[in-house]
Structures are given as structure tokens and as C-alpha cells.
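Dumping the structure here so I can ask a few things about it.
Chain naming follows the written order as A, B, C, D, E, F, G and H, and within any one chain the residues start at number 1.
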């Protein structure tokens, strides 16, 4: 119940059009919060154009398909992450205009190329070849949300000249997503070279004492470069989503 | 070696004022990279107005004082974090115009109020009273860097109405810093209500199975609200610094 | 040795049919405690009507079948949890009146609908779709034990209005079982809204830094909402069993 | 704002004693959401008699005193947990009628003995002498909330006969709080003897591989006795609070 | 109820001084289990000569003193472990015949030298000087329990010849207690040289990645020498107690 | 260099067939230690009758077969643990007189029933059905080494009367091996009832917060019953081997 | 851009064949840093003869084949580690002169036997048969890099005489690589016997509380033998590579 | 038994002063191994010049003093690490020619400047000011052992130009010791720039998710730069000792 509605209700009471008890019942019976939140949700959708995203892992192809159909019917865009080969095949059969990217384990569909809603370009940097699927998930997510994305691959810190070769690209980015496994040192090095937000994504690449991404995660959280922020292990989607929030033109 | 210097060198060669071998020696003898990086650093400083910050922990008051004097001589602003009472007293004696905030464990000094360089307001939200020092460190950091900061305190999820009362404040922020200990659930709830970037800061508040902030850290990394990014435990400075990067007007 | 047997023994002594030393020997040789405890067990069964439950994991279908037959012969009800497809098929073939619920990984059979032994309704709340099997295991367990159970699904904290929409249901429950993976924040939010016991069940849903349910477990144990109690990861059966104990009409 | 106050306000509007705009101002001045939730909170307070509790750790004596005065002014009862000696002295000086229990690290005050609101007796069982402060915190909490509490101390599983001696006490409890450090085996043994809810509280008593309570916590979560629920390490308050919820007469 | 009392009761029945029903009532009213277990406990005490031991940590000097007086009144022997300097002084003041060993953090008293109840000699081997307090606690415990104990100190594996010099001593021991911190390799080497039981005691000596004894604990549990058994970190008392059990002459 | 060779060398010196310097060179060049240690090893084998054991895991059937043939040729007995079905089949084909116990994952062969070398009976106690394979491995190991072994199964602490029913068996054992998963409480309860050595074996049975046996391991190490010693998770062989060492008649 | 190219450019400017602005553009357009670092890389390659190595895990056979072809075209040598059977077959089909060592999970090829570039012999010591693949990977790596390598296998600390038999081999090595799983005690024993560098390699051999190599890793890091250095779990390649660095003749 | 004694014994046999059997008995009765190992130890000392080192932590000043006096009496050099202020004062009072370095927490004394026994210069690189004490301990250790040591401080990866400025120093080192806390990324970057051995030392500098050096330790173990070896957290002594082993001129 908005302020205007409340004013009208009180005016009704003043005018005798409703008794105090009737007004009390109205106030009590309203799902105030629910209404409020649904409105907020709608406003947010209209304002940011952020699509709803289906997390494929732990869902059956049938479940993913059912949700996907509702989203496409609503106009899309559609993004499904962590898509198994089976789910990807099912989605491709149903939405032949969509794209199944098995490398990034994503399926996506959109009516038309999204308008550019960003302030600048988001650059996704990855350290090694095994970090590519996570990097690609981040890139796809931000792209679907209407942001320009560029990729810089295979620039791990053990061969520093490869990274430094791309220094201009780093410095002109609006937001940087830095994806690395093993010791996860790349965000620290990048964070010291640029002034834009740096989102670090640890990956589970590595073995032994990397403990499925724990070494990279702890390292990124402990980065000596100030201002580096971190998302969950292998969470390319979360990084791309956060990058899009940071790069949006408003406010 | 700046571009101008390089141009002059080449002109000397063209004019015969230096032989190619002499120029080669000059180029070889120069700390190119260092010069180059120092230049970048300077450019970045000029461009972003981000001050250098002293991390007080593990330093003696004398060490902190020595670095602080160089920074103040350079015009400031000065921010020292994790200031012990002794260090705070030493800094206050040397810089009587500065402010020692024992609650946030910070000392700061600036010649004049910094110009507002942000796109909007950064709001720092904290869950409980024991999270306040970390929240204040984040707020001070962003403020010194030239951003408007507002605080919303004591809105933990166990009393949801306190948080919802501030919903408009949440929705109009440019960047949100959300500080919480114990289970660290606040960023997930906030992340579902807003469209702006959300930086989650786990604190070591709590006991037993919160394991000095580990429960909050893991929870924030595993947040079901997409786009939440995380910094190290109790790292208010890092959160404020990252928020400032996200809120800067350029690009 | 039952009370009757003890009475008979003492009567023998009184009648001179046994000397005191002979009676002493008999008393010494008897597994007194076993008798005592077996009686207690029986009393408990009669008093609470709690059925014995078969934990299917780590058992062969043959082993489960053998125990199930003894329980059914005793009148049931029968509940088998963590049922593999093979075990479920074997049980269904033997007990065609039973129900194999592959979603909750349970098999159950009962002679007749159990009488309602509860004080009120147990509500099982779950945060996401991947938490459903655990939630269903909890619901089935409490139902078999003679309690009314209602379910509220997919009300994770990232979309708070969905949860608040069910506030009346939450407030009128006798006991709440709250199932959540990832950061496990739902019990904290629910715990602040209600006055009844809240049993939190962490699930292994999530990835990376959720560490197979550890993030949710630590978060629930560290909950800022007082009075939340926790069971093992994915332990829907334990939660349902505990909820039934809390909801029983006696004492 | 209570229902009665709202009704009076609306009656004023109907009677023309306030204009609609005046009423609107009053309502606006009120924290609506807060009011809504505060009402719920108050209802809950009236219904369950659960007092607000001050967690002393991390607060200064001044902070604790300020909150305590507001609670006492509201009629109490007052419970402060994790009270340092200094805080205890400050509270005792201000509230000479209150009780400072240094053993349980609690301070409590109440106008009069609370009415018994429980269905039965809550029994608090502890394994060893080092578990006593945590057990006492649980007992005090439930007692202040209006429940009958009895204590059974020093009945660890290594001397089983001590526990079995109290079997009748265990069997007649309405709720059991079982406090144990080291390996935390007591709740498993107790859970197999009774039919009522069992709340297990791990304590940090022990050394080496007990890892500050971790061994007991994991053991209790993995208990082979079904229906045991667990709270955080050393969280006697949480256990007492949960026990009170389970024992309340309604519904 | 002791055996004598039970015999008297049965004699009363035989003599007609009590009816069977009266005797039944008496038996019912008695804490049978307690009696039973207390008897067992007493039998065990008589049979094994194992004294009760006071764990000093977490107790006040007053508490320790009170228990100690009861034990001494019962004839002793008295062993108090983890004795603080204050507690040691209090015990020494009360029992001037006792011995306060601040190195082993123990206080012990006995009426007379205990008879040798062992099958052979227990040898306590330690790797470095920082392991000595734990080794001494083990030696003292076994000695008080009536076993011959010999010590071999400072024979860590990095100087293998020191250990091999004592090979004959190792080979002729009845039980070996091997105490080591850091990587805890000594029990593996010793275990391959002897045929008697080897009890490994990890200590918290070491730093960094030894994680307060965790490295030694995990190493000892993973020992490639078969038959090595392990006790808790720094648990010299437990090792001495277990060694005494293994070395007792019966059965 | 064997004793005979050493004697011959010295005889050569005495006879003038070698000069002292030549003998010195021979002695220097010889692997003295190896001779020494090999002798020790042989002595140990003769003295204790402990057979060499093949750990099957990580070996190919061919490797296991090759070692087994050498051991059988040496007269046996033969014990292979962690036998895969393939390895078991290969061993059974080669040694038709041997026994493949797939439940305990062992293969064993002996020329004749070993003579009883123990002081008493070793009893292997297990808590639940999923602990049986580990318990059986322990029993088989001790049996092969010439010890009498008896088994007590399914006596977990949640049904205490089952355990207490076997109290006499517990009290008359020479050594107890106690096998339990989940919270691993059984050794604590048993340890308080008996005077003989208790070897606790944690198993990986359990799920969630039992973390593959970690909960049971930590619990057993932290046991409140003094004198309990622990082996690695699922290490039935190590427990049986250690029990045999404790039970041997010598010294 | 190499030094020669830079010299030529400057000569062009001096000769008027390029204007200073043209030279400036060339210099700007060049990846200076890349040039700089690539030069370093090349120098290093020429100086040390260290081949580039392909880490096979996480790559498809096609990817490995493509990189391998470039390396062989450059003259080799070629080393691929963590080779799956499929990848090994693909490599063997393409490079029939190469060697696929399935035991070490490596494929290697070289035009001719590499010249010996080492100061002495590298000895690779392993504790048990399950450590052999890791040891072999280390040996192969160092061999391909031009170092003499000798192997000492199956000399675990539980049978010390086997190790001591090889003492001369240990003492004459230039560098020792010591590979061990389980408790990882071998490097501590070896480290106390020799004066050369000791590289410890923990392996994941073991079970239960060895936690996939964690016990060995922590033990090796905590070694009481000074000067032992450690690489990642199962990282034979890294150990062989480091050994080669230590053994190179220069400087 | 020393070589001289052995020679004398053999001469006795040759001269008929002892029979072979008498000599055999003497040889058997002698602690051969001890003699052997002590000799080896002495040889090693003579050959490598590595001094014995006192680890001060966990020792009393008196204990350290006693050992120090023996070492000085033997000619030195003397190195005591982890020296407390009290221990440092006691050592300085006793050895006024020695040096107490409170920053590195070391005390050292030597008769004269050690001769240079190294192949080249060892460079100790540290990332931040809080890593200095550990770096200094490493430098001092290697210096005392007779190696040239140079230091490069404060070159963390977040300001890459500082590190690159020292590239020539890195490339000309014989061995590099790289000390870093927080995320520990420096060794990865350095490892990619040089061809010499790189010893990584994680420090406990950092907070929160750096977990007392764990983040740096795991990161260094997982380094993407091949050939990096690692020592324990804060173990500057071990790194310096290992560097000295790698740099020694022999073989």
C-alpha cells in the first residue's frame, strides 16, 4: 500500500465512507510487504534490464526447459548456466535460435542483440587454459546483460611479459574480471596496475595443496592489492553479474 | 623516461647530437620499466585522487609517523588504519589538525574537505554493534577518497523490520557495503533487494563455530543472491577502497 | 529378568525352595541391566509410537528387505531412508502397498493412516529447489510418526517477499523445519519472525566455498536469531524426527 | 504502535478530532514497517513471555548498562550473558536487587518470580565440571523465561552408572539440554534413553584434537541417536532459549 | 547396595523377617545400577590398582584441593596433572610429603612406594627438549600406577645415530611411549625396530604448518609402521595410563 | 655381512691372510648396518611370529600375487588386506587353499592353524553394521597372528542395553578393539567399563559433518575415558596388529 | 625487438632514413616490455637448456598434440606430464620415436640424448611402491633437462636398514629428491644424513587421516631436519625441475 | 668406536693378542652405529662448515646459554634463532663480542669472518615490511654459514615496477630466497623471471583469511611457476640453511 492509497483510505474514514473498524480491517488484511516487494522487484527489472538466470546444475533437463519456456515467453533474454550435455541438447532442440556453448557450459537465447547499457568495456582476464570455461561464463553473463566484453587469455604471472603486453587494455577497462586457479596471484598483480574495480574469480584448476580452489580463494581474499573483491570458486556467472552491476550507466 | 624525453633523445640522434650507440646506451641505462610504472602510478594518482594509505598493524609508531610525514608533506590526504592507541597518540601529537577515531582504529588528516568525485552515495550497512568498527573503517576510507558516505547500523536479519525500514536508502545507493559477522546473512538479503553493487564484509564477531569470521566468509561467498562480492574478514578498508573504485565518475 | 520373575524368585526364597545363597547366585548371573533396559525400550515404544527406521545407505537391498519384513510383521509402520533405486524396487516388489518416493529417496508403508499425535502442525520450509529432497525426507518422517505436516517451498532470502508472503503460515506452526543450502541464511530470517522451535537443516546444495554444506552448517550454528537448533548436513530424517519429538502432545 | 493505539487514532479521525492529514503525519512519523514488525514482536512477547536478552561480550559496561536500564524500565525481566567481572560489578551497583552469577557469567533481575509457562520440567545435564558454566547459562535463561529447570551434573559417559542412576529424571523431563565437551558423547547416550527433545551443547572443554569444541560439535551433529539437535559451541543461552520454545504450553 | 547388604536382605526373606513383597520394594527402591556399577568400579580399583587422577586444568586450586583431600583420606595415591604454579603451591602447602614437579606440571603423593604390578619396563622416548614435559607426565602417571619406567630423551630422527644407540633399550621394553612434535616421525622409525606395543604422543611443539600438533598427529595416525597407536596432542597422562594398562600382569 | 662372514674375516686376520689394514678396508666398505638390521629383523620375526602383510590397495593383482608367492614359499602365513574383487579372484585361483573374505576385503592362507601365542582373548566390538568390514579386518589380522578373537557386533551407544548385555565379555577380554563411525562414542563408554587396553578405530561410516570419519577420529582422540588409544580411520589391520602386540605372552 | 633491431632503428634515424617521429611510432607500436621479457626468456632458454613442458591434465589430446608439434618443430626436447592413456596413444601415434611411460604418466621425445649439464648426480629416493609414479615423473623431468639421475626405491623408515644400506649413495648425491606418502617421515631421516639439498615430495598415497597427502605435506614442512624444502602433493615434475635448477653447473 | 680404535683392535688380532672370537665379541658389544654416525656427522661438519644452530623458542635463557657455551668452546660459529629479549640479554652479557639482532630475533657470534664457501650470491627478496624479520633470519643464517647474501626489500607484486627495477639482481643470483605473507604471490612472479633455485618462505603477515600464513603457504605450494620450493611458515632459518646447501661449491 502506497502513500496515496493510505491517504485515500484516511480520507474515506474522515468522510464517513468507511468506519474506523473497516479501515482497520483493510490495513490488517493487506499483504503490505508482499505488495511492496513485488513492486520493488518489478521496478528493478524495468530499471536494470537484468534477466533472470537459470542455474542448470542440480536441475533435470525437464525442469530447466519448463523455466526456460516461461522466460522466453516473457521476451527473454535467456541464460542457463552449468548446462550438462543432455540439458544443452534439450534446450537446443526447443530453442533452435539459441546458442549452446559447451565450453562455457551455458545456453543462451535472446530476441535481439541487447542495447549497450554499460559505461565502458568489461575485460575478462584469465591466467591459464584451464580457467577458460569460468572466464567464458563470466563474459557471456555480462554480454547478455547488455555490456561490452573483451577477453584477454593465458596471461598468468609466471610469464609476466604476456600480461604487461596487455597493459593498455587493462588500464582502459571499466571493470576487470580476473580469473585464476592454482595460487591465484593474477588479481594482485593486475590490481596494482589499474584504477578500476577488480573482481577476482578463483578456479578449481590445480591439484594437491590447491585443494580444489581453496589456495586461490584464500590468496585472492588476502591480496596485497587494495580494492580487489572476490566471488566463489568457479563462479564465473557471479563475477559477470557483479561486473554488469558495477558497469551500469545509472546512477 | 617520459614520452617527451624519448622524443628529445630521438631528435638528438636525428640531429647528430648523439650517435646511435650513445642513444642505445642511454636507453639501456634507463630504468625503463621503473620509470614507466612510476609514471603510470602518478597518472593514476592524478586521475583517481586515491590517496596512499598506511596499514598501521605491525608497524611501530615511529615507522607510521615517518611515512605519514612524507605523505602530509606531499599534500595528503593521510589515512592510517589499524591504529593502536599509542600510534594514535603519536600521530595526534604530530598532526594536531588530524582526527584519531579510536572506534574505527583510524587516523586521518586532510588539508581540506575532498571534492566529491563519486557518481552517487555509498551506503555502509552493518548487522550488529560489534560490526561497527569495521563498518566505520570502510566509511572513513571511502570518505577520504572523495565519496559521499551514509551509514545504516544495527539492521541484522533476525529483526527484518529494521532492515526493511531502510529499504529506500538501500535502493538509492550507488554502492552498498554490507558488514556482518556471525552467519553473515545480511548481504544475501540486501542483495535481493537492490540493483547496485554489493560488497560483503565478513567480520570476526561471533564465537564457537563462527571460527573467527570463517562462517560469515563462507556464507557470503556462497550467497544465493547473485552479484555479491566479498573482501577479507574484518577488511573494512578494502571494502571502502573497492566501493570508491566502483563509484568513481570515470569512465 | 522381569518383575514377575523377580517376584517368583523372592517367593521361592520365602518358601524355602531356594536358599538365600542360591537366590544370590541367580541374581548375580542374570543380565539385570539388559532386562531393565529392554523394558524401558518397550515402554518407550508403547508410549511414543515412534517407529523404528531403516537407514538404507550402506546396506544391501537384501539386508534392508530382511529388516523391513521383521518391522512389517510387527505391524509397522515402515520407513526406509536413503533408498537407492535398486533397493526401492526390491521393497516395492515385496510390499506392493508401500510407497517408494524416489525424490525423497524413501520407502514407507503403514497398515493405516496414523492417528494425529501432535499438538499442532509442523511446517517444513525450504530455500531452493535443490533442497527439496532433504525437505521431503523431513516431512515424510514426521508424517509417518503421526504428525500433520505442511510444506512451503522455494522461499530463499534473496527474494524476501516470497518468504514474507507466508508469514502467517510461519507464525501458526507448532514447529518449523527450515532447509537451506548455500549460505544457509533462511533459518536466521525465519527465527526472527516466529516464537516456535526452529530446526535448521543445512544441505550440500551449492558449490565451491560452500564446501558440501559446511558454509550452511557453520552459518546456521552461528545464527544471530536465538533459539535456532541444527542437525547434520542433509539430515532430513533427523530433523523430521526431532520435530516430531517437539510436537508430541505429551507431556 | 499497538492495535489499540491504531484504533484510537482512527476513531479520532472518524470523530473529526484529527484531520486525515494529521493522522497521516502521525502514521508517517511512526516507523511503519517497524511498527508492523514491532507489533508482531510485541504480540510474541505477550504470547510467549520471552524477555529480550543482552549479549555482554563485545560491549562496554556502559553500553550494557544503558540497554539494561531501558529493559528494566519496561518492567523486565533482565538477562545479561557473557558478563565480565567489570560489567557484573557495574550492573550490580545499578541494580542492587539483581543477581550477578559469576560462574554462569550472567546478570539477571526480575520484578517478581516469573509464572510457570511451561508444559513440564527442563533438565540440564552436564558431563564434567568444566561444562558447568555453559550448563548454568542454559538453566538461567530458561528459568528467566518462566520454565522449571532442574540440573544433573557430572554424569559423563566414562562412568556410565552415574548417568543411569538419573534415568528416571531423564525420562520424566519435558526437554533435555545436554552439555558436554571433549568427545561430546553424552547426547548420543541420553538420546537413546528418552523420548523427549534433546538439545546438545558442545563446549570448548578439552584440549589438543578437541580443537576448542570442534570434536564435540562434529560428534553431536553425527550422533547415532536420532532426533538430537545441536547449538553452537558454548552457547548455553541458545540452548536454554530453544528449550524454552519447545516447552512452552502453547499451542 | 553391596553384596553383603544383598545377602542380608535375602537372609531376611528366608527367615521371614521380610515378605517377598517388602524385599521387592527394597530392591526396586535401590539404585541398582549405581550399586552394580559402583561395585564394578570398586572391583576394578582393587584389581588393577589404578588410582583416580585429578585433571588440574580448568579447576580452581580450591576445587583441586578438596578432591585431593578426599583421595588422600582414602589412602591415595594422588596424582594431579596440568597443575598451575598456584595450584602446585596450594597442594604442596597442604600435603608437605607430596611432590610438585613443575616441569611435568604434576603434583603427586603416595603413602609408600607402589608395588611393581607390571610385566616389564615401560620406556618413554622423546624426540626433542620441548617434548620433555609431556614425556614426563606420561612417565609419572605410569610410575604412580605401579610400573617401572625408564626414559630416553632427545633422540629425534634427524640424528638417527642417537636413536640407534639406544636400540637395545628399545628392544627390551615391554611397552614404548614415543613422544614427538614437529613432523612426529619418531614413532614410525621406532615402530619398525621393535615388537612391543608403541604408543605415539604428538606434542604441540613446532610452529607454522605444524598447526599446534596437527602435523604430528596426522603423521602418527598415518604411520607406515604397523601397530602404532596414538593418543591426543600433548596427552602424556593418557599415554602413561594406556601403557600401564598394556603392561599390567593380569590376565 | 653376516656373523659368519665377520668371523671368517677375523680368522683371516689372525691367520695373517689379511693385514689389519686390509680388514679395515673390508669392514669400511661393507654395509655393516644392513647386516645388523637384517639380523634384528630376523630375530624379531622368529621371536614374535608376526607375519608380513600385503596391503592390497594401490597394487595390481600381479604385484600382489608375486609378493604372495614369496611369502607362501617362505611358509606363510599370508594376509592380504584391501583386496579388490579382481585381486581376490587372482589370489584364490593361485592359492585354492586360501580364503577370500570379500566382506573384510582380505585374503589369507596358512599352512596350519596358528598356535595360540596370546595371553587372553581379544574382543572386537563394533557399533553398527556399516562398521563390520573394518572390524572383520581387525579380527582376521589378530587371528592370523595367533590370537584368540571374539566379536561383539551392533552395540552402538544409542541402545545402551545391548552393550551392557555384553559387559562380562568386555570385562574378561585381554584387549578390546572398538570400531565405530559417526560420532565414535563407543570407545568412551567401553573405556569406562573395563581395565584392559582399549584400541579405538574410527570408521568413515556416516555422512555430512562426520566428514569421512573425521568426527569419529577427533572424538576418540578427545575421549573422556583415560587410556583409550586410537588408530587411523578404517584401519582395522592396524588395530588388529596393535592388539596382537599387546596380547603377546612375552615378556 | 632485439638489441640488433633497436640498433638498426637508431641507425636509420641517424642516417635520416626515418624521422624521429617515425622512430617514435615504431617504438611505441612495439611491445617493448614483451620484447624485453621475451629476450630474457630466450636468454634463459639458451643459458639453461630447460625445455618447455606440457601439463597434460585438463587438456584434450588435440590440445596437447598441437602444442607438442610446435615444440618438436622447435627441436625439442618434449615432455608431457599427467598423460592420460588416450593422450599417450595420440602422442605415440604422432611421434613414434617418443616414449610413453604410462607408469610415470609421461610422454617424452628428444632428438638426441641431452648433454650432461649437471654438477653431479640427482638421486630420487622413494618410500613405498605407491610413490613410484611420482618419483618417476621427477626422475624423467630432470633427465630430460640434461641431468644424471639415479633411483633408490622402497626405503621407507619403518625398515630403516633398507635406507641405511644406501647411505653412501645418499652422501654422494648432488641433490636428493625424496618422495613419500603416508606420514612422510623419510625426508626428515634423510635430511639428517646428508649435506646436499633435499627436496621433499609428499604423495597422496595413504588413506583416512593422511587426507590425500595433507599429513605428509604438513609433516615435511614441519621437518626437524633443517634445510628440507617441499613441493606440492604428487608434484614430481616440480621436484625434478627444481632439482635440475639446483644441480646446474652455472654459476 | 673410532677408526683408530678399530685399527688397534685389528692389530691385536693380527698380533695374536686377541683371538678372532674375542674381537668378534668386542665388535658386537660396541655401539657400532653410533660410532659410524658420529663419524659421519663429524665428516659432514668438516666438509660443509655448517654450524650447529640453537632454536631459542621453548628454551629458557639458561638452557640456551649452556648449549651456547659448549658451541663457542668448540670454536663456533654460534647462531641462536627466535631469541626473546631476555635470552638475547643473557647471551649478550655472556658473549660481549656477539651480536644480538632483535629485529631478526637472532644472536650470533663467530671467532672470525667465515670464508666464502659459496658458488655465488644468495639474494633474499621480501614483499613487505612485516616480512623483514623472517627475511633477516634467512640472511643471517646463510651469512654465518659462509655465503655472500644480499637483500632486496619491499618489492611486493602490487607495485610491480619496484620488483622489475631489481631484475638484474634477480637474474644474477645463485639462489633466491623469496619471503612473502598475505597471498604469497611474489615467488610465482620471481620464479618466472629467473633460472636459479627459488626458495619460497610464507610468513604469517596478514589477517583474516590469510589464516596465519596458510594462504601464502598454499599459494606458494600451488605456484604456477615451475621449480619453486617451499619451507614452513616464518621459517627464515630453514630457508637460509637450504639456500646455503644449494649454493655450496661442492660437488
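Everything that follows uses one rule, which is that a residue touches a chain if its C-beta (ideal position, glycine included) is under 8 Å from a C-beta of that chain, and two chains touch if they have at least 3 such contacts.
Computed from a predicted structure; not experimentally measured.
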Smallest number of contact steps required from chain B to reach chain G: 1
Rotation angle (°) superposing Cα atoms of chain C on chain H, nearest 5: 180
Interchain centroid distance [CA atoms averaged], chain D/chain E, Å: 39
For chain G paired with chain H, centre-to-centre distance based on mean C-alpha positions, whole Å: 25
Sequence positions of chain D contacting 2 or more other chains: 33, 36, 40, 159-160, 167, 193, 208-210, 217, 221-222, 226, 232-233
In contact (per the touch rule at the top): chain pairs: A-B, A-C, A-D, A-G, A-H, B-C, B-D, B-G, B-H, C-D, C-E, C-F, D-E, D-F, E-F, E-G, E-H, F-G, F-H, G-H
Chain F residues within the chain D interface of the complex: 127-128, 156-160, 164, 182-185, 188-189, 191-193, 206, 208-211, 214-226
Residues of chain B that touch chain H when the two form their complex: 31, 33-34, 36-38, 40-41, 57-59, 63, 202, 204, 213, 217, 232-235
Chain B to chain D touching residues, read off their complex: 129-130, 159-162, 164-165, 167, 205, 207-210
Chain H residues within the chain F interface of the complex: 3, 6-7, 10-11, 13-14, 16, 19-21, 23-24, 27, 32-33, 36
Interfacial residue positions of chain H with respect to chain G in the complex: 40, 44, 47-48, 50, 53, 119-120, 167, 171, 174, 193-199, 217, 221-222, 226-233, 237-238, 241-242, 244-246, 248, 251
